[in-house]
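Here it is, the structure in full.
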Amino acid sequence: MGLTRWLAGVIVVAVLAALPLGLDAYSLRIATGVCMWAGLACAWNIVGGYAGYISFGHSAFFGIGAYATALLMQRGMDWPFFATLPVGLVVAAGVAAVIGAPTMRLRGSYFAIATWAFAEMLLQLVNVLDVTGGPGGLSVPPYLNEHFFYYLMLAAAVIAYLAVWVLVERSRFGFRLRALRDHEPAAEALGIRTTLVKVQAFALSAGIAAVFGGIYAYWVTFIDPMSVMGGEITDQMVVMVLLGGLGTVWGPALGASLLWLTNRMVWSALGDTAIYLPILGVIIVAVVLFLPNGLVSLLPGLGQLRRRGHRLLTGMVRKL
Amino acid sequence: MDLFLQALANGVLIGGILACLTIGFQLTFGVLHVIDFAVGGWVMLGGYAGYWALTLLGLDPFISLPLVAVVFALVGRALGPLIYHVRTSRYARPDLMALALTFGIFIFMRGGALWLWSFNSRNVDTAIAGPAIQLGPVALPVLRVVAFAAAAALSLAVFLFLYRTRFGLAVRAVAQSRENAGLMGVDVPRLSAQVYAVYTGLTAGVGVLLATIYSVNPDVGVRYTLFAFFVAVLAGLGSVGGVLVAGLFLGVVESLVAIYVGISYSHLVIFGALYAVLLISPQGILRRGL
Amino acid sequence: MASKLSRRDFLKTSALGVGALSVGAVGRGARAQTPTIRCGVVTSLSGANRFGGNLTRRGYDLWAEEINKLGGIDIGGTRYKVEMSYGDAQSNPASGASAAERLIVQEEVDVIFGPYTSGVTLAVQPICNKYRVPMISGSAESPKVWVDKPPFNFGMIPAVDLSSGKSLGVIADSVSPRPESVGVVGVNEPFSDDTAKGFRDGAEPAELELTGFELFPAKADVTPVVTKLKSQNPDIVAVGGHEEVLINFVKAAKSLGYRPKAMVMHYGITAPAFADQLGADANGVMGISLWTPGVPYSDDLFGSAADYDKLSYARWGSHPDYTEAACSASGLVLQDAAARMGKAPPWNRSDREALAKAIEATDIETFYGPVAFETKGDHFHNNTRPVPVVVQITDGKVVPVAPADAAEGDIVYPLPAWS
Amino acid sequence: MSTVTDTRTHTDEPPALAVAGLRRRFAGIVAVDGVTFDVDRAEVLGLIGPNGSGKSTLFNLIAGALTPDGGTVRLGGQAVTGWPAWRVARAGLGRTFQIPSLFGNMSVHDNLLAASCEGDWRGAPERARQALALLEIDHVAGNLASELSGGQQKLVEFARVYMRSPRVVLLDEVTAGVHPNIRAIILNAVRAMQLDGATFLLIEHDMELVREVCDRIIVMDFGQVVAEGSFEEIAGNAEVRRAYLGRSE
């Protein structure tokens, strides 16, 4: 099993790594956006998919990362970019841990409201503060190398997915998470310290989102409250994961790629994306009603195909 | 002191309307166990309905209000079974899937409104206007006073309905225990859809009131969803009685913070308070049964 | 060209479906025969700022249509047509940057006409620097846009800190008895907050006592704001905001029976919606405009300011405001600079750099007014020449009332009680 | 796995589970009202009583899912009163729920592995093999838990308890409504664990089963223990008859 998986993974990553050879700067920008959204969806999925806690406040963590990077790179601070990412990660994870400990005692719907309230509060805060530039936002010293940002987003996304795959699919941590998602009292009865596990998951998820926020700030070179903390960022994450498949490894990547490419196509074809929002709404409703396990559940043959491929491959390896 | 009284009056007038806005939301939670993210969406659509009734039919919003409520009740009656279906489905977390469903509906409403009517605000003018009523040092805008009265009348109607009719008895029974009410012969799916209809109709009606006071644009929904959440959480989710106190409280707090702390901080304070209430007492501070 | 195109498309479609995005790149075959000057417009055609965004687009388009009627821009005796392409910034900085990159890379534009909002402008500036593409902004009024000395960006409208503050002094000096105090409020959003800060900072030079300064969120109920102002009771109330907030503000003031002696707003009251929605209640509200159809300027393409007003009205069905005028004048700047540079299109990287130098040296008069860009200081590349005019709504019309040399009507002060 | 060192010789060792004066009220109703009893090591104690007599609340209080208003719970001499459920579980308590509580979106095998997250993780696959064999569910190991029949779910839930080798096991109506074959498998597993030294407290309505496996029985009504003794003693107890027959269910 492992061999085919790894091989498939390596092929996908190799193709993605070769992508800049065939794309102009603009198309590469879109590919960079796909990587970013795939990473954000992956981050959201840790809490929303694996732990079963719907967060309506993840824009806050994306924003924390973006503001951490932008603030530390302002004149006078002049931090090197890569030094700012761990700061955003740690701050976001810390904030998530602090607010997560009490909020994650709340049952699902309350948690959703609490995270939403938290994100809106933070949005108001950056709007009011002087240090964040208020509504006028912050500029970041530009570094305009589209290949750099593509590879950086790609690397961050690959690391995020690997982290999820290793931590959630392959380790005790994942078993704990999925157990508490499916039946919290039963998980507790098996000795799983659910509140702690939830907080860990929330912090991990927030940290990953913050890293993408940091890269975003450096990439776009300008941030303001609405563009990095607006509710639409959370909306997109939720929809991407729901569409791809809640609590699956590759579902978020699938959902993110499809939605972001659709978004950009609608945008460049119609020159207007007002229609995009109602489409998002319809997708959510349709997925909840008809496809609760997301698009990945439409690929039942996938496992079979993989098994067959694996048999073929191991047979070949043995012959060699 | 004059300023304080004026701020208090502003807060009470708006708070009463916010309380009315939350009643339907609470009924829905009590009976369907669904947190309807789209509550602000119904307010927004109600406001637009009032606008179109005025623009196309020339109806004053206070006349079109019942009409709007009936139309949206029908819409809610059609949508209710879907929500009931998801809530009682065998999904891993039906409560969250139902929340996600209403979230999708909300995005659809907002996006649809943006797409159809774009970003600009619409005024819903009414014949009820004119100078403020001077009550000593306090100026009471006529329109707000009338809207407050209308909201109070609507709230009273809902209470009479809940406590004086057979239907209301069934609603309260289901809110107590869905299983037992079902055993007692209540058609729970049907009743749930009917409650959802009451909720959408009532909320859209309040949307008309709010549109006359402010104006309506596709983005107002988020704000009203926030207010409904706040009032509901403070009152205790599902509690209809606590809503009146919580609504007035929200209105007054927002108004006082705006005057004495700075209006920039009013949202910050509201969100912070909502958050604190959730943490300190998720069951609500004014928790009382339906 | 054709072979390059097919290779590019081939690579794209083969690249894991991302190729599906080459939508913007198709249909670029005929370019080789008649060289044109390719202009990109990056502005918010959707999103929260779509109205302003579409105004800018109208202004840019009107210039392009007019110049193409003459056969295009005259460079060394030959006329080259202008070809416009558009990128929607969705009122979002990241989308603005994407749009700019698409226009530059895929549409190969030579020059960009800038966004409506300052935030998007700030995100597009680095893209212009990277590809050495000049950007002329007919909007974007935040002073922040110019602080970092953007080498390729030029702004037609004086930053709002220059316009809103000065206007208080103009009003104070134009009426009697001279007002003594001003209360300033503004929406906490880009532009509006800069406007409010401009008013605040202008109070002292205008010898007005500042009774209060407060920013409030865009979605907030303005009743408390009005309540507070009423208790402070300044002579002049100055509001920074877009038309929607301004409309709500006037409604709230009326509902509480509050009427200050003067109400000044900045941008927004000249928008048709303001007078339409408020009706008689709009009368008496003052605003600031950097251009009105009555200004005494003219140029060869559009004629006088009044001619421009007529032309624009005929084309779009509404009277232009100063943003549209500044956007149309942006084209005049390009026209003038291209002629002075003297190089026929197609332009390469160094030509575009030369074009930027030429734009920097602009010193012309247009129907919009004189245009010359600062070359040092905090308003680097900002055209600070236009003088703000105080306008007042009288019988539903926007009438310039101060300073005296631009006035077309009498200033109403103090305002009469609400009808 | 377990450490069976001839227990019978140490008669003065503390009881495996000791409950004393346990009390809990909900909004005015006293659900558990001063319950006291001990369970010895490797003993099987049956807990019977009409619906609403407080049995499940008692379970939740012992397991830490609810916090008692008063009284103590000791596991092998260690006070665990008021501990959260996860901590009680780590102290050696295993339980099943009245309504099957499997991790529905995980396979049967993963359900078992999840039980060893906080225990012998390395040995989990081997232990899972044993559990699957003992409860005869090898053939559904790869199935999603939510796709199983009701009886199979009971088996998996039991297997999950078995995974942790708990010293004390609480079983809540573990054979209610299942096929006789499955009932036999569960009984067999109870005996196997009992041989390894596990102690059982089980809520049962199935009197046949109670007679078969329980060493001792306590009867609850209105939140209190109303009788205690062997099956025969209980069967002849007038109090019990009144509790069951005097009140319609």
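All chains are identified by letter, namely A, B, C and D, in their written order; residue positions are counted from 1 within each chain.
What we mean here is this: a contact is a pair of C-beta atoms (placed from the backbone, for glycine too) under 8 Å apart; a residue touches a chain by one contact, two chains touch by 3 or more.
Since we're looking at a predicted model, the values are computed, not measured.
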Those chains that touch chain C and also touch chain A are B
To reach chain D from chain A by way of touching chains, what is the minimum number of steps? 1
Whose Cα centre is nearest the centre of all Cα atoms in view? A
Among the chains, which one keeps its Cα centre farthest from the Cα centre of chain A? D
Pick out whichever of the two, A-B or B-C, is joined by more C-beta pairs in contact. A-B
Could you work out how far the Cα centre of chain C sits from that of chain D, in whole Å? 75
Rounded to a whole Å, what is the gap between the Cα centroids of chain B and chain C? 39
Please report how many Å separate the Cα centroid of chain A from that of chain B, as a whole number. 33
Nearest whole angstrom, what separates the Cα centre of chain B from the Cα centre of chain D? 47
Listed in rising order, chain C residues that touch 2 or more other chains are 47-48, 188, 217
Among the residues of chain A, which ones contact at least 2 other chains? 124, 127-128, 181-182, 274
Where does chain D touch two or more other chains at once, residue-wise? 104-105
The residues of chain A that touch chain B in their complex are 52, 54, 56, 102-103, 106-110, 112-114, 116-118, 120-121, 124-125, 127-128, 181-182, 231, 235, 238-239, 242, 274-285, 287-289, 292
Which stretch or stretches of chain D touch chain A in the complex? 63-65, 84-87, 89-90, 94-95, 97, 101-106, 110, 113-115, 117-119, 121, 160, 164
Footprint of chain C on chain B - complex, ascending: 2-3, 6-7, 10, 14, 118-121, 123, 129, 131-132, 134, 139, 141-144, 214-215, 217, 219-220, 222-223, 254-255, 258-259, 262-264, 266-267
Would you tell me which residues of chain C are touching chain B in their complex? 47-48, 50-51, 188, 214-217, 219-221, 223-225, 227-228, 230-231, 244, 247-248, 251, 255-258, 273, 277, 418
Where on chain C does chain A make contact in their complex? 8, 11-12, 14-25, 45-48, 86, 88, 90, 92-95, 97-98, 101-102, 104-106, 118-119, 122-123, 126-127, 129-130, 142, 144, 148, 188-190, 193-194, 217
